[in-house]
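Below you'll find the structures, each written out as structure tokens.
Look for subunit A in each of the two complexes below; its partner is subunit B in the first and subunit C in the second.
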Partner chain A sequence: MVAVAEQPDLYDRDLQRLQRHNAPDWLCDWRQRQMQRFRTLGWPTMKDEPWRFTSLKPVMDTPYTCVGPGEAHAAAITPQALEAWKLHQEGERILVFVDGHYRADLSSPPADLPQGVTSLAQALRDTPEDVQAVLRRANTVAMDALAALNGAFLLDGACLQPARTDTPPLLHLLYLATSAAPPRVSHFQNLIVVPEGGQITVVEHDVSLGAGRHWCNGITHLLAGPNSHARYYLLEESNPQAVNTRLIHAHLDRDSRVELHPALLGGGLVRNNIHGVLDGEGSHLLVNGLFVGRGQQHLDNHMRIVHARPRGESHQFYQGVLGEEAQGVFAGRIVVQPGAQQTDAKQTNRNLLLSDEARMNTQPQLEIHADDVKCTHGATVGRLDQEAVYYLQTRGLPLELAQALMTYAFAAQGLNRMNIAAVRRHLMRQLSAKLPHGRELAQMIEEPV
Partner chain B sequence: MGEPLLQIEDLHAGIPGREILRGVNLTLPAGQVHALMGPNGSGKSTLAQVLAGREDYTITQGRILFAGQDLAALKPHERAAAGLFLAFQYPVEIPGVTGMQFLRAAVNAVRKQRGEPELDPVAMLKRLREAAKLVDCNPDTLKRPVNEGFSGGEKKRNEVFQLAALAPRLAVLDETDSGLDIDALQVVAKGVNALRRPDRAFLVITHYQRLLNYIVPDVVHVLVEGRIVKSGDRTLALDLEREGYAAVEEKAAV
Partner chain C sequence: MTTTDTIQDLVPDKYKYGFVTAIDADTAPPGLNEATIHLISDRKQEPDWLRQWRLKALKHWLTMKPPHWAFLRYPEIDYQAISYYSAPKPARKDGPQSLDEIDPQIRQTYEKLGIPLEEQKALAGVAVDAVFDSVSVATTFKKKLAELGIIFCPISEAVRDHPDLVRQYLGSVVPYTDNFYATLNSAVFSDGSFAYIPKGVRCPMELSTYFRINAQRTGQFERTLIVADEGAYVSYLEGCTAPMRDENQLHAAVVELVALKDATIKYSTIQNWYPGDAQGKGGIYNFVTKRGACRGARAHISWTQVETGSAITWKYPSCILQGDDSVGEFYSVAMTNHHQQADTGTKMIHIGQRTRSTIVSKGISGGHGQNSYRGLVKILPGARHSRNYTQCDSLLLGDQCGAHTFPYIEVRNSSSRAEHEASTSKIAEDQLFYCHQRGLDEENAVALIVNGFCREVFKELPMEFAVEANKLLAISLEGSVG
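After this line comes the complex of A and B, so read on.
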């Protein structure tokens, strides 16, 4: 831990400026307290166990500024430009954010959005007490300094509390980050509350509007009610200069089922924290992580799954592909608390290295305080299966294409756990574009619609 | 007797420091089925791999002509495009790629190299369905990841399905019968027989005679210590089963 010496005045100035936007007292207090907590905790350093392999120095050294509502509209974005990022799935509703601020003019018309789906800024204006209550419920897990800094700039994001319906829409949260001087940071929060027996599908999608630096420090709280079913996808596709630090916190009530699918394809320095708490009997959590790095990307996956109640089931799969000089980290811990009997937890991290320079650090961990449980974990780091590459060659594929297809095949094991065809198709394209011979590869693997 | 499709002349090949094939001569005309038999370690599978172009093996002497073309100059995928197919003894599992994606990639890769237009998804599906029907294979196989979790029999059957889909001029079956029970063996053999054509040749590599009850060869070759020591009609395979390789070796040595 180091004292917060870097950029202190800047953050204070930003906070003072943003506090002026007629926020209720409790919210101003909340922000001040979070800023205080950020100061107390200080930036994590590589001496701190959870940050052993990832340095935040580039973030500390850069004067990222947080813009307020109305200050972020520098970039001209047309609705036509958005087409390229849409998933084109039936029932898709899109909420667009620019530098963390909701843009109603670019989003699905309010009439098309389900009741209870709005921006956090709007919810803070309309139903501040309700938001406050959700924040209290959500902030039950330990938050690190970055989460505290996010809380200090709690301004906007998505607030999704749809009522129970038979045809839940796919909610696409498109976060566009601009390249500006000085570079910008967005500290958004997504609050997702799924009612008892409800269903929801959320796709959060991070994209850069330019090639310059920006920092996205987002938090998603997903509170799954009893017997509910939630699917959450994170598609990180920002530019190689971008920093993305985030926390995805899922809280599971009894008999709920939550799927988290974080796919890290873009970004230069990415740290994705997953914190799942199985806090109801018989709940089920799937974490299906995929990370694909090349160039000098640094992709850090940090995961903590807590089994707090009996008969919980959690499966975690992380597939990593690293080429060129990319670095990957996986640190996953399953905690089974006393009393969480008949827990069934399984953790697998498989990694494929495509070059001698690529690096992977993996640390699967179990911490078990109950006796009647089934827990397994394992990690592998390997190279392309030469026998399989040869097999493909004998079937007519040139060496490079055979290698590309086998690389895709490795990552596709993660894709195949995603059951939204449009997301799979989208990721398939993004993925093949990142691999050598991407165009030919895309033709080979395209699923018939 | 048709034109020789495959002509192996005085072939010496092996891995660094060890010669495994030590002067193989073999002529296989189009339209025929030849069986290659031999004891373990005689070089049967090495010959199959040298034909397919596995990099681990080096040709040190002699040559292989495939439809008049020197195979040594071709990479494995170019051999596939030229019309050579190897059914693997141990087919590889490819989780993450469906049979459909795999075969579409293979068929189109071969067509592309031959300068033929790629098949669109509809034409491809039609072709693969026909191929599946020909070898009595369930087309649902196409939806599953390639060979993943398949039984030994299913894997071998999938090889024959691939063979049907790629429609090569020469198919080399490397111990396709190993590990199969009699039912699976019959299914695979039936598929191969359905694919026999006047312009296609088969080289069936096997340790045991029993496969040849179902795929009846025109010629049987016996490979011992890297050389073909005897060739004959299918009765040679029956002799081998009755008397064993040792007896044939002795006779050949005389």
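After this line comes the complex of A and C, so read on.
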């Protein structure tokens, strides 16, 4: 670990400034303690095992500032501009955040939002004790230095605690990041609590408003109650200058079912941590990751799934496509704790390298302390099947289009595990835009609405 | 009785090779400093370059810290409490000339171990360079091998008789700065084997060394160096047993293999050192650095290991695939029982074009055993059209044990392919049931299934070893019956 020397004054100044905004005593305390923890832990470096392949040097060397709600509201954005990012799915409710702060003026009107769906800042004002209780419940997993830094700037985010309904809406959290000088960082937290038997669908969507640098350091806590069903999508589509570090923590209670679909398409330096804890009997977790990099993108997927109770089932699929000089990392560990008998865990990481400069590091890991389990993992790294590409060429497709189609087909294995058509459609468009002959490709594969 | 209970009962058992031979040992006082190095060098009458090399290693070692990344738990080792040199006292100044001159007690020990040192045993076609603690006591078949130009002798002798060869290759695969234990070994290595197979020679017999740790509190630090010149072939067997001990013993060996153009080296190990008692007391700490370099085109290095002993095993036989079209293989069975811990695996570094590697690792855990596979497959940008296939399977024989898999796969070009598969499970009830149905009892059914589980690896062993491996596993599994 490197001592936190690079930007200490800056972060301290930001913290002092932001502490004034809204703060019950416990929250001020909380922030101070997290800042202290960040100092103790220090920046992770490539000498630390979990950061072996990813350097945070670009983040350490840049004076990212954290802005308050005032500056975030100054950014001029028209509701029309949001149309491009909307999913256009029936029942979609959109919550818009700019530099990590909720913008009610751009979001769905409060009357349309289900009961219990609000911004974290609002919840901290209205029901601080409730938020405190959720934070206590959520912060049971080991958090790294970045999570501590996030905690020090706990200001805003989404607070989703909807009651149980028969027609749960699709909650679209749109995080817009501005390009400013000095560059900005947003530390937001999404707290998602699903009640017993409840259902929820959340799409978190990260996009850049400009082409400049910015850093998103977000945490999502998803606490799934007994017998609940939660779907969570992460669409990372920021610009190639952006840094995105992230923790998605899912806690599964008895018989709950959680799907996590992180799709990393954009960003320059992206680190996505997934921490799943199957803490109830018979719970089921699906992690369906997709990462597509080109240029000099660095996409790091880190995952730790803990089976703490018997009869848990977890399936993890990660599909990676790397072209040009992109680098991909996958490190996934399944931990089966003593007593978590009859666990069924399966992990698959498949990677496609499109160029000789692209690089992939993969570490699928198993740590098993119970005997009555079925655990497997598999990882492959390879290139497109030349014979299949040749076949398509004999059918009249130009080489590049044939390759693009094959690449798309590879990535589509991940898309097919997503069951919201609007998200699939959206990702399909984003994906084909990243491949050569994007328009022709899109026409060939467009899904009927 | 439930199946679980029965399996618990089957999982062993006593260390069959636990005994101590009381002979006089010429032992250095505990502690490690420059004086220790001079003592070792003086005793062994080593040339100055080797003495300097040891001193350099010691100097570097003093700046290093023991590694903690492995999935192992053990108390800190006090390296100053260990004696770094031990040699059986020579009966005569000029050393033994024939079997008759060997200390009868040592010979008895070998007989108990079943080492084919004597003539009738030689029919098995095995030339044994037996290392008893630190000094090689006898070497057989030397003459026969010498006719073919093959050099097979203790490394201390090779330093004297073939200094140029040793100097050229020693530390060229595992440099003295490599890692904590390899550096320690470079500083204090006691003895070991040296083999050189000249150009185009196919070694007519399996070369074999039996290592034994005997004197109390004497870490044994073998250094093995095998060089196969262009087009040569050699198969090398290493087998290990150690006497019953109460105190943890440290073992930090280094094995270096060099395969030049078109050469093949097959290195097989059976490791059955004292694993500690059922409560996890005692046992050998086995921290070994093994590495082979395929220096020329079409070179081939194959590691096969059966690890059933030691309280702690830390061992990663690796291949550096430098030459184009070179091949690296790793076949391993690791069994941990009681409180044994093993963190073992391999590294395959693909540098040359069209290089291929295969990894097959089978882990069996019983009792409170912790078994980890840790492997690295690294395909560098220049290693175009390279292939790797990795398969790691773990079998759990109890609900207190652990099986872990930590592979690292790093691919830097698009024309290569790496595949990794791993699974962890226990013996399925239906498999046991099927065996019962065919009239096998619980014990035999488990033994049969475990045997089948390891088959892929055992078939890679030379025949003599395959028999021993089966026997070892049977002892481990059948307990009272075995």
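Quick note on the criterion: the second predicted complex is superposed on the first by the 447 of 449 C-alpha atoms of A that agree within 3 Å, B and C clash if a C-alpha of one lies under 4 Å from a C-alpha of the other, contacts with A are read in each partner's own complex, and residues count from 1 in each chain.
The rule is short, and it goes like this: a residue touches a chain if its C-beta (ideal position, glycine included) is under 8 Å from a C-beta of that chain, and two chains touch if they have at least 3 such contacts.
Predicted, not measured: the structure shown is a model, and the values here were computed from it.
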item	value
Clash or fit (per the criteria above) of subunit B with subunit C on subunit A	fit
Which superposed partner A:L397 touches (first subunit B, second subunit C, both, neither)	first
Touched partner set for A:E49, first subunit B, second subunit C, both or neither	second
Which superposed partner A:M444 touches (first subunit B, second subunit C, both, neither)	first
Subunit B versus subunit C as contact partner of A:Y408, first or second or both or neither	first
Which superposed partner A:S355 touches (first subunit B, second subunit C, both, neither)	second
First (subunit B), second (subunit C), both or neither touched by A:L366	second
Partner chain in contact with A:L146 - subunit B first, subunit C second, else both or neither	neither
Contacts of A:V381 with subunit B and subunit C, given as first, second, both or neither	second
Subunit B versus subunit C - smallest C-alpha distance in the overlay, whole Å	17
Of all residues in subunit A, those that touch subunit B in their complex	385, 387-388, 390-399, 401-402, 405-406, 408-413, 415-416, 443-445, 448
Contact set on subunit A toward subunit C in their complex	49, 338, 341, 351, 353-383
Parts of subunit C lying in touch with subunit A, wherever the complex brings them together	69, 71, 381, 384, 394, 396-426
List of subunit B residues in touch with subunit A within their complex	52-55, 75-77, 79-81, 85-86, 88, 91-97, 101-102, 104-110, 113, 121, 125, 162, 166
